[in-house]
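What follows are several structures.
Next come two complexes built around chain A: one with chain B, the other with chain C.
Then we have the complex of A and B:
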């Protein structure tokens, strides 16, 4: 019985290692490839070089066309992800409070409509969003992408925050009311400090999804001045795919770095939140 | 006046009542507006109105000039006769069904192995972390990894591996089997979601059930069959419906890896709409294709409300499955 158990555990580990290995190999390749000019068996580095990272200090050239420098592009990505995070956190904190704590007419209607909208992924609305952005003259502007992205993520973020509000005991509020707090003071002084885990969860989620954002930037931004890292890398892949994987790997790794850092810091809470994300 | 009110209610009854009176007084829609207002503006402008606009646009021949040229049902009639659309519809069904099986089935296998069989928590977490990596990775990088893995020369991992092991000549996998590529690439991402959700559910099963079962002489297989699966019925059902919706409507990875090609072989419905709108600038026609997605999404959302109940869905934020 015991030997049997050991054998089946060994089989189990073998299975898990076999299915997980391709993922590990793929990320190792990204790393190895970015620092070498030659790989054997597709993965083992031979000649070490920093040339693949040349986009950090010089222009990348292909024939006569030169790619824009990566630094303004990176700045754009930071602005995009940062604005999404701030706006999404502030708006969902306000709305979550109203939905969790206030009993106003229309509350139920708002909740029900949002739950149906929440099931409704924004990528299917791209054409209409194009029209709306054009109407507000927000096409080809990072702020346009920010507004779209925040609006589409708000239902989920607000629900997450509402869940955190729901767990704060009412007694705190009773006490505050008796002391003559206004609604706004109550929210700002009493409740927000209790919400730290919720705020950090929503911020991490919003930042990562803003940083990774591709499809809206790709569709709504035309001028290379407004490109984000995702669009930049997509164009780079288009041109260098069969020519220079080393360059692509280095640029990819550069773009991936903040995600890995965030992931390692906040792994536990991410595992919980990801449940709500819309990804296939 | 306000102070007076409060003091009076305090005098007559409990703090709770005082708070309730105060709350009622301030619970008009206008009191809530400063809090809910920004949310409403954003969601209405960039979510609700686009849904309505998509439907309205589907009755027009709108192109990149963005003028409303109403032409009734013409787009829908065109869609019925569109041979490509038929191919795309069949692709979509194949893609959704097979990917769904991977998402839920393999997600379940990963959850059971990492959260039930492996008793050392760190080990289980290590494997789960590896599987979460692709999910956290920005779509463009994830696609890059696939493009390298399947590269048509011996530089690609798959070709290098098959070449060294079996001496097989390099193949252009994306060209010869685009659909399996797209399915596996999406399945990998979806399986990790299944894994996280099901693992959480397995961890929440009271230990006593497992003890009782092993005292009764149940094998691991029996435990999975008669303890784990019954407990996971709801999460599994939820995942199935939820993932169906995501799969029908999302196309980012397909756009990045095969772009629907070659010859529409891996084109799916949502991507078809995208290509019509932003490839050939047929906004009206693209909207008509999207309306089908709008309908599917609303139906699935209503099914979810019906099956899981309003309250259960409302509490989803806490993700305690």
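Then we have the complex of A and C:
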């Protein structure tokens, strides 16, 4: 019995290791090649160097193209992801409250259709969105991308926040009113603290999706002043003849760092996400 | 403070939760709203608190019409079944919360909180959060929070339902004692008749949104106004037997499937006269039946099952097609299947009309 158990555990681990190996190798490659000028067998680094990270302190030239400094681009990415996060949290907090606590005609319909909206592929809307942004003169503006992204992400975020509102018992609100709260005090002092995990979950999702946003930034932003990191990376690959893999790996790693840090900080809140259900 | 509900009606959509309710509660009185779930008792309590607004009627506290006042302007304390403590605050912060909202000076809040915490034996728990203390402790915190602002009226919504039975019985006495000490007008919602009977000065029995009766526990128990109250109050519940009222000259009889009982003159006079042959429901409590005694007014039946309750035995007896419960002494030795005769204490019987379920008793 015991031997059998050990054997099956060994098999299980072998399987899991084999399955996850490609991903591990990919990350190893990324890390190793960003700090070396040559790799042996694809992953063993030789000749350690910081040259690949030169984009942090100097202008980068590949072939005929000169690339702008990475810092303003990073700032753009932060502005984009940050604005998406703030806007999404604020709007979904309000919308989630309405869907969870208020009774109005069409409430059920809204709840059932919001998820469909989320399932809609964003790429299919690209051309239509181009016209719309053009009409509002929001083309080539980071705020334009923010609005599009928030509009598409909002249903999911609202749904998540609604789940957190649903878990707050009515009695808690009643007790607060009887203790002397005004509507705003109730929301601020009693409800908001209960929503903390929900707010952090939505912020994490919003920030990550804003940070990794590519297709809308690439389509709707023309001026290099407005480029974000994702677009910058795409341009590095741009012309394959002059592609510098070391540089690409370093920039990719740079792009990845905030995400990893964010994940490490927010792991706990992520684990507490609850999507709730439809209440009639 | 005196509390008066005048012609209160509350609807949710087309559902009438409370229908034309009239209640007048004296200053310092401890009143229970008793009824099965969905009878409108909690809705009534929430209207007193100001959470719900009545669709019709008015609510008066003392001499003030508070029908349209917000909860915070009513000076009521309330305790919920699930306690509704603020999970993000410590016990001390929970208790202090109503005082903080009144902008009371910090030292005064501190003083009041520690005083009431001492009264409810919460001194050692003040820094804990609600999630870190037991149900009984949570309940004491909820009571302390309700009482710390020295409200004029205390509202209790099934405060004992979430406690285990031993704790419930001890809290029953504690709350009753507390209410008398503070002399605070208290309205207590419960579906448990034992709680209502044992704790309250008067009980308002509700069913399907309407008030059935509002009276002292003793009166509700000994002279129930209708079959609903008779059935709901008392444990084990009252026995009911279908009978026909038979007149024979001056004499009156109650005739059942297998028995015919003559009503003595003094008993007959207590009930409104009904015509010969009318169908009635005879109600008699288990403790007003005596098992084993032969006599004129004896019912014959067969023992269905015997349930020893410790202090006494509850004997289920089959009479014709109906079953009744009889309280017998602890040493009663009847067995299943035996034929027994049961004597009715005719001074304690109740007669109800089959049409509207109202008691035929002529109220003195």
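By definition in this document, the second predicted complex is superposed on the first by the 247 of 280 C-alpha atoms of A that agree within 3 Å, B and C clash if a C-alpha of one lies under 4 Å from a C-alpha of the other, contacts with A are read in each partner's own complex, and residues count from 1 in each chain.
The rule is short, and it goes like this: a contact is a pair of C-beta atoms (placed from the backbone, for glycine too) under 8 Å apart; a residue touches a chain by one contact, two chains touch by 3 or more.
This one's a predicted model, so the numbers in the text were calculated from it and none came from an experiment.
After overlaying the two complexes on the shared chain, residue contacts for A:212 are found with chain B alone; chain C is out of touch. Once the two complexes are overlaid on the shared chain, A:92 sits against chain B while remaining clear of chain C. By the document's definition of touching, of the two partners only chain B reaches A:24; chain C does not.
Once the two complexes are laid over each other on the shared chain, residue contacts for A:180 go to chain B and to chain C alike. Which of chain B and chain C touches more residues of chain A: that partner is B.
In the overlay built on the shared chain, the residue A:193 is in contact with chain C alone; chain B does not reach it.
Shared contact residues of chain A, touching chain B in one structure and chain C in the other: 174-175, 177-178, 180.
On chain A, the positions that touch chain B within their shared complex are 8-9, 12, 15-16, 20, 22-27, 29-30, 33, 39, 41-43, 90-92, 94-95, 97-99, 102-107, 110-132, 134, 147-148, 150-152, 154-155, 158-164, 166-167, 170, 173-175, 177-178, 180, 183-184, 187, 208, 211-212, 214-215, 219, 229-230, 233-234, 237, 241-242, 245, 248-249, 252, 255-256, 259, 263, 267, 270-280.
Residues 169, 171-172, 174-182, 185, 190, 193-194 of chain A are the ones that touch chain C when the two sit in their complex. Per the touch definition, chain B reaches chain A in the complex via residues 2-3, 6, 10, 15-16, 18-19, 22-23, 26-29, 31-32, 34-40, 42-43, 45-51, 53-54, 57, 66, 99, 103, 113-114, 117-118, 127-141, 143-145, 147-149, 151, 153-157, 159-161, 164, 186, 188-190, 193, 196-197, 200, 220, 243, 245-247, 249-253, 255-256, 270, 273-274, 277-278, 283, 286-287, 290, 293-294, 297-298, 300-302, 304-305, 310, 313-319, 321. The touching residues of chain C, when paired with chain A in their complex, are 46, 49-51, 70-72, 74, 76-78, 80-82, 84-88, 97-98, 101-102, 145, 149.
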